[in-house]
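Okay, got some structures for you below.
Shared between the two complexes below is subunit A, which pairs with subunit B and subunit C, respectively.
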Partner chain A sequence: MNEQEARSLLEIADDELILGWRDSEWTGIAPFLEEDVAFSSIAQNEIGHARAIYELLSRERGTTADELAFDRSPGEYRSARIVELRLPEGERTVARHYLYEQADATRLERLKQSNDPAVAGLAAKIDREEAYHRMHAAMWFDRLEHEPRFTAALDDLQPLLDAGRDEHTSELQELWEEMTMVRRSQPVGTAW
Partner chain B sequence: MTTEQVWDALAEIPDPEIPLISLVDLGVIRDVAIENGTVRVDFTPTFLGCPALEVMRDAMAERIRALGAEPEIVVHTEDSWSTDRITPAGREKLRASGFAPPAPREPNAPTLVQLQSNVFRCPYCGSTDTRLENIFGPTPCRSLRYCTSCRQPFEQFKTI
Partner chain C sequence: MIYEVFRQERKGQPFQHAGSLEAANHDFAESYAKEFYGRRGESQALWVVPREAIIEVEDFVDELNRNYHRVDGYSLKDKLRRARERAGSALVARDR
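On to the complex of A and B.
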């Protein structure tokens, strides 16, 4: 893989790990059961994608997937600001989902054309699963596209998708504390 | 030891989440090779976030050790598993146990319009008068549908 692909893969993995974490915050408390199941399942997929990408990158870098996922400082993550936000509002969660899945499809399409079979193959595999996320996002977009609360959320969140990845939100720091707590605590008897 | 013996042993491992079908039925084992007392299994994960993958890998390693060989399980994340790899026997076992088997994969990704169409057959009564309840279900590989004819909700394998 070339340097640009490695950079893109790390961005995707960081986005999916963090978005997966945020989506999982709906487990048990979504407005209705179908969306509880949907966001929990999407979260599970996204974290699975992050893990597979971290594993691929860690082989190149002589490290491990866990080290890449959890041993960096918050400032070293390459996530987009849009995925970092804790969004307790349903319409903002759906708006983020819609914006994110569209942007994700574009970069996966590019990686599917890679000359490196490990990169192209993994991107294609992830994309097959993402097709279902896109369907879910499109279904909600069709229902809500004329709802003022939803369109306001889209307008509000779009700039956070386009903003660079060098600066992060304060919410990433809070999430990082939660996300790495178990690993940092090194419980007795663990080896990682 | 022959590769047939290894395939037979692997065919006895149930899928951890749908124990009615085996890992061989599921089509996740691409190849088996024996060399100098090591058995290499080429394994293609289904959904990347599926928590059953570790269980499958460990179960395969355990069976191979029981045959007296050293296992080497190679996980291929660059290979896109497809529901088209589920064997005909596996599909029949799924149907018999109340899971609607996946539709064949087409060149393009499946669409919401397809999922909302009424071509999916209820595994209980055989009616196609069924509707999509949720794209997502209890595991990454399944959707939820409802049969209007026999009023039974059922799980539909996602085509991937």
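On to the complex of A and C.
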């Protein structure tokens, strides 16, 4: 894999890890059971994608997936600002889901063309699951596209998707504390 | 809208009722059904049916108790037992 691909993979992995975490915050409190199960499943998939990418990257770097995922400081993450936000409003969560899946499809398409079979293969594998996420997002879009609260959320969040990845929201710091709490505590006798 | 979901475990097997779910339309129903009853590879096909489409029948009149319409109407076990008893006592009588 070339440097550009490695950079892109790390961005995707960080996005998926953090978005998966944020989406999982709906588990148990989504508006109805069916959507709770569906959205939780999507959150799990995203974290699974992150793990697969971290594993691929960690083999190149001689480290481990967990070290890559959890042992960096918040400033070192390459996530987009849009995935970092804690969004307790359903319409904003769905708007982010929709915007994210569209952008994600474009970069996966690019990685599927990679000359490195490991990269192209993983991108294709991930994309087959993302196809389902895109369908789910599209169904919600069809239902909500004329709802002013939803369209306002789309307008509001779009700029965060395009904003650079060098600066992060303050919410990433909070999430990082939560996300790495157990790992940092190093309880006696644990081996990760 | 409520949907009823039927699942087929293996090709060729009958579909059996798996459960029901609520969804805004057919597309959502299909996607939720996959999550509920297909995600773990436990089904090889699903039927997702709006509950309204199901014709329910639950009154079965049998005023005269015509149990001979049913397989269990004849208790072969009892008949065999009685026949054996008759045959047994006949043998005993003959031996006398």
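Here, the second predicted complex is superposed on the first by the 192 of 192 C-alpha atoms of A that agree within 3 Å, B and C clash if a C-alpha of one lies under 4 Å from a C-alpha of the other, contacts with A are read in each partner's own complex, and residues count from 1 in each chain.
The rule we apply is simple: a residue touches a chain if its C-beta (ideal position, glycine included) is under 8 Å from a C-beta of that chain, and two chains touch if they have at least 3 such contacts.
What you are looking at is a predicted structure, and each value in this text was computed from that prediction instead of being measured.
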item	value
Clash or fit, subunit B versus subunit C on superposed subunit A	clash
Partner chain in contact with A:136 - subunit B first, subunit C second, else both or neither	both
Contacts of A:82 with subunit B and subunit C, given as first, second, both or neither	neither
Partner chain(s) touched by A:32 [first = subunit B, second = subunit C, both, neither]	second
Greater residue coverage of subunit A in the superposed arrangement, subunit B or subunit C	B
Which superposed partner A:48 touches (first subunit B, second subunit C, both, neither)	first
Subunit B versus subunit C as contact partner of A:172, first or second or both or neither	neither
Subunit B versus subunit C as contact partner of A:12, first or second or both or neither	neither
Overlap of the subunit B and subunit C footprints on subunit A, listed as residue numbers	34, 37-38, 41, 132, 135-136, 139
Touch list for subunit A against partner subunit C, complex	32-35, 37-38, 41, 132, 135-136, 139, 143
Of all residues in subunit C, those that touch subunit A in their complex	21-24, 27-28, 31-32, 35-36, 39
Parts of subunit A lying in touch with subunit B, wherever the complex brings them together	34, 37-38, 40-42, 44-49, 51-52, 55-56, 117-122, 124-129, 131-132, 135-136, 138-139
Residues on subunit B engaged by subunit A in the complex (per definition of touch)	47-51, 76-82, 109-112, 115, 133-140, 144, 158, 160
